[in-house]
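Look for subunit A in each of the two complexes below; its partner is subunit B in the first and subunit C in the second.
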Partner chain A sequence: MIKPKIHRQSYNKECMSTNTLEISNLSKSYGDFHLDNVSFSLPKGYIMGLIGPNGSGKTTIIKIIMNLIMKQSGDVKVFGMDHLANEVEVKKRIGFVYDTPNYYDHLSLKQFKNTIAPFYDQWDDAVFYDLVKRFKLPLEKKIKVFSKGMAMKSSIVIALSHHADFIVMDEPTSNLDPVVRRELLDFFRELIQDENKSILFSSHITTDLEQIADYITYINEGKLVFSKTKDEVFESYSLVKGGNELLDSDTKKSFVAVKSSAYGFEGLTKNVEATRKIFGAAVVYDKASLEDIMFYTNLETVKTVEDATTRY
Partner chain B sequence: MKIIISNASSEPIYQQIGKQIKAQIISGDLKEGEGLPSIRKLAKELQISVITTKRTYVELEKEGFIDVVAGKGTFVAIQNKELLKEKKMKSVEDLMSDTIMEAQKLGITFEELQEMLVLLYND
Partner chain C sequence: MLRLVIKDFRANWKYVALGLGVLFALSSSFMYTALKAPFSVDPDLLIYFLLVIVSSVVFTLLFLMIEQLYNTNIIFASLPISRRQFVVQRYVATYLQLLLGFGFHFIGLQIGIYFSEGIDQVVEDQVYNPRVWLLVLLFVMSVKAFSMPFYFKHGLRKGILIIGLVQCFSCIAFVYIMMSYTQIWDALQRLIFTVISFNSQVTIPICIGVTVLFLWISTQVSILIYKSKDL
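Moving on, here comes the complex of A and B:
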């Protein structure tokens, strides 16, 4: 039975979509902190979550993309264009949610909008008012009386009212209660129904990313740990639990890090298949959450630092 | 179309969805030519990643269960009648294999199993 090949086109269209963001070999140092040779890309039409402990470099990366701080080396391309050479054009198409607009908080949302709108030639009042209505935001009250949830929603509304194709957010849900967070996540999901829009957001609330991200990029101590699809992350990492007698210097090597209690050990592997070959059914395999992955990856780093310092 | 996902299950989500869609196509709950949601709509409704739904559809298309028509959408493929019968047989065979394995594990004999089958079938 010969099937016509026309149907392939629609998947190829998705597969060959250009990257909204391309970061190559990005580095930046300040004092003790070094963002070290970070590279990753976000294809168009998807949501990428940037995770990492506080101080790991997530905000630095976002600030560099937005040119709020200068990179030292490496390339940043947005919509295929260099973010510095085409700064104005790039920024017009980015909706940036950095923090609540607290430096203008003596203004009402409407007044604030009137201050911002002239900067964007694609500003769309109809979209703005529609979103304000949807999020039930007051137009005439001063922003300083807004709750955290309302203030964040306001930032998002402003960022989305100029037909931006790339939404960049730094910790958008971190100060919000679970109900508002859920509401925002649903809203982002709806946004991405338009396959021309992409979202990048950093968060330390890993459960939000587990729910909504298509891609996860994990930064730890300035270095890229991985940048993969969420599915790949959960298919390769696993928690492994078993009796202490199963651990020796060889078997330990298959783990990112392990911890033991009096009753057994728990470890994280980043290659479940390989670990299965070693332990088989003698251990329990549990799904690792992003939090588990971050915890154990960090444990491993700490251990290495400790080993290094004890040598002297 | 009905899809229920278990996050606690060890089976990857794209497989869970694939199985359920296949079962509904085989049973006729999803009819030939019936339209399926786009990968983005499905992802939104199930609250999962678009990449997962895309993977599910790619697999289903490879196995001949669905057709993606450029510019129009995704539809349940016209099932070749013999192939459909084969698929139906296979799905029951798979269940039988599972049952046989379980019986063997528990030490139930082939004769006992046959008796059970006759009893239950005539119920």
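Moving on, here comes the complex of A and C:
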């Protein structure tokens, strides 16, 4: 299990050992896509960001957790229970937000709430109306006239009104304008102050996750690249910039991938110490953002594929 | 389970009301118009029951159509319900719709007859014969039981296409065989009349039993399909 570095000061979570989500050796194939032996876990009380380019397998993982698609092998445990054997019990404690909130457009939010609420023993109308008020959502207007932001907020309101302990969100901030995105991120930050709640949040907007996630799980082409605390990710990866004369086939090996131009090179390293030994002070070290990590890791994958193609 | 069934009716009650209104109008207007001219059991009453069958089958697709229209299956599949419950709910909702549809057809028929100039005794005997209505209902239930696994496997559009093609080819094959081999047609007619002339206290329970068995098999097949389906 990953040992998190605590960076929210409000409460002490080191003593917690229970995982809200445990995924081990998860595999699924359809068509050209293969989700390949993915394993990671999310401890109780934290936010995990699931990142990766489009089509990397983020939605597949989320759909498998929700039993919307079938896994081919591997285990998924939610709250320590098998997600299939205890499907109803597990889903009662999950709040699910899908990337496209698909509702009956002919209903109002209030009518839709009345349709959904009876399924949850813990449904709390007071929470629902509080959130509706907070997000300034119209209760009586038909959902079909809602903007994308309003529809996503409605989806979040519905997902949170039954005191869910685990909130699973698939790209909740994509397609939203910066104002609504910031508003939602602030809300998630507030929400996670309740240490019984955990959030799994997939996004390719990495800046959102840099702001709120405790853990980052990076999936690329169906494979797990890493699953670490955010601090560990930023400590292990670094962006290195220097002159092209420093690059040769040996020095290139210390990078995940390198991009050169007439002005010099920029590369991503996942072993800063080793890179320092090679280049010393001749290069500049910058903090790598999640976007940089995604970009260079993807570049490496593309390069590997190209190399393989050239070989044959 | 009940919550699931209520969910569909509650969320779509306007569409349900509209659909039932259409069935009511179809029956009453058909009867009113048909009874103005000389009305016979064959073909007028047969056409009427054909109308009841087709319109009721279409009406029972309402919830599936709405689900496909708004693509709500992912949201509802994420609710705390098992896939088995989801399938059983679909069947219960469909058969409730069917019963409602038949009810409104029957009421529409009464209105049509009431406002027309009267009805022939032979026709009246058939129109008000509960056995006829029950057999038609059981037939539609069997048709639905046959179709449902296709909807769960392929979705509504592809499912309708497959069932339509199967029914179309079966119909053509049936007509072809009956026209080519008249002795088979005669034997079939004799069989039907023999069955009908049997004691209804025996034939009706047998028909109900066969339909329920067919329905149970269909539900199990649908559960098996839906349990391993990627949404």
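Just so we're on the same page, the second predicted complex is superposed on the first by the 291 of 312 C-alpha atoms of A that agree within 3 Å, B and C clash if a C-alpha of one lies under 4 Å from a C-alpha of the other, contacts with A are read in each partner's own complex, and residues count from 1 in each chain.
As a convention for this text, a residue touches a chain if its C-beta (ideal position, glycine included) is under 8 Å from a C-beta of that chain, and two chains touch if they have at least 3 such contacts.
Given the structure is predicted, the values throughout are model-derived calculations rather than measurements.
By the document's definition of touching, of the two partners only subunit B reaches A:230; subunit C does not. When the two complexes are overlaid on their common chain A, residue A:192 makes contact with subunit B while staying clear of subunit C.
In the superposition on chain A, contact of A:211 is made with subunit B only, not with subunit C. When both complexes are overlaid on chain A, the residue A:66 reaches subunit C alone and has no touch with subunit B.
In the superposition on chain A, A:287 makes contact with subunit B only, while subunit C stays out of contact range. Looking at the shared chain after the overlay, A:98 reaches subunit C, while subunit B stays out of its contact range.
After overlaying the two complexes on the shared chain, residue contacts for A:45 are found with subunit B alone; subunit C is out of touch. Looking at subunit A, you'll find no residue that touches subunit B in one structure and subunit C in the other. Residues of subunit B touching subunit A in their complex: 8, 10, 12-14, 39-41, 43-44, 47, 49-52, 54-55, 58, 61, 64, 67-71, 80.
On the subunit A side of its complex with subunit B, the touching residues are 1, 3, 6-7, 9-11, 14, 45-46, 189-190, 192-193, 195, 211-215, 229-231, 235, 285, 287. Subunit A meets subunit C in the complex at residues 30, 63, 66-70, 87-89, 91-92, 94, 96, 98, 100-107, 111-112, 114-116, 118-120. For subunit C in complex with subunit A, the residues that touch the partner chain are 3, 6-7, 10-12, 14, 66, 70-72, 74-75, 77-83, 228-231.
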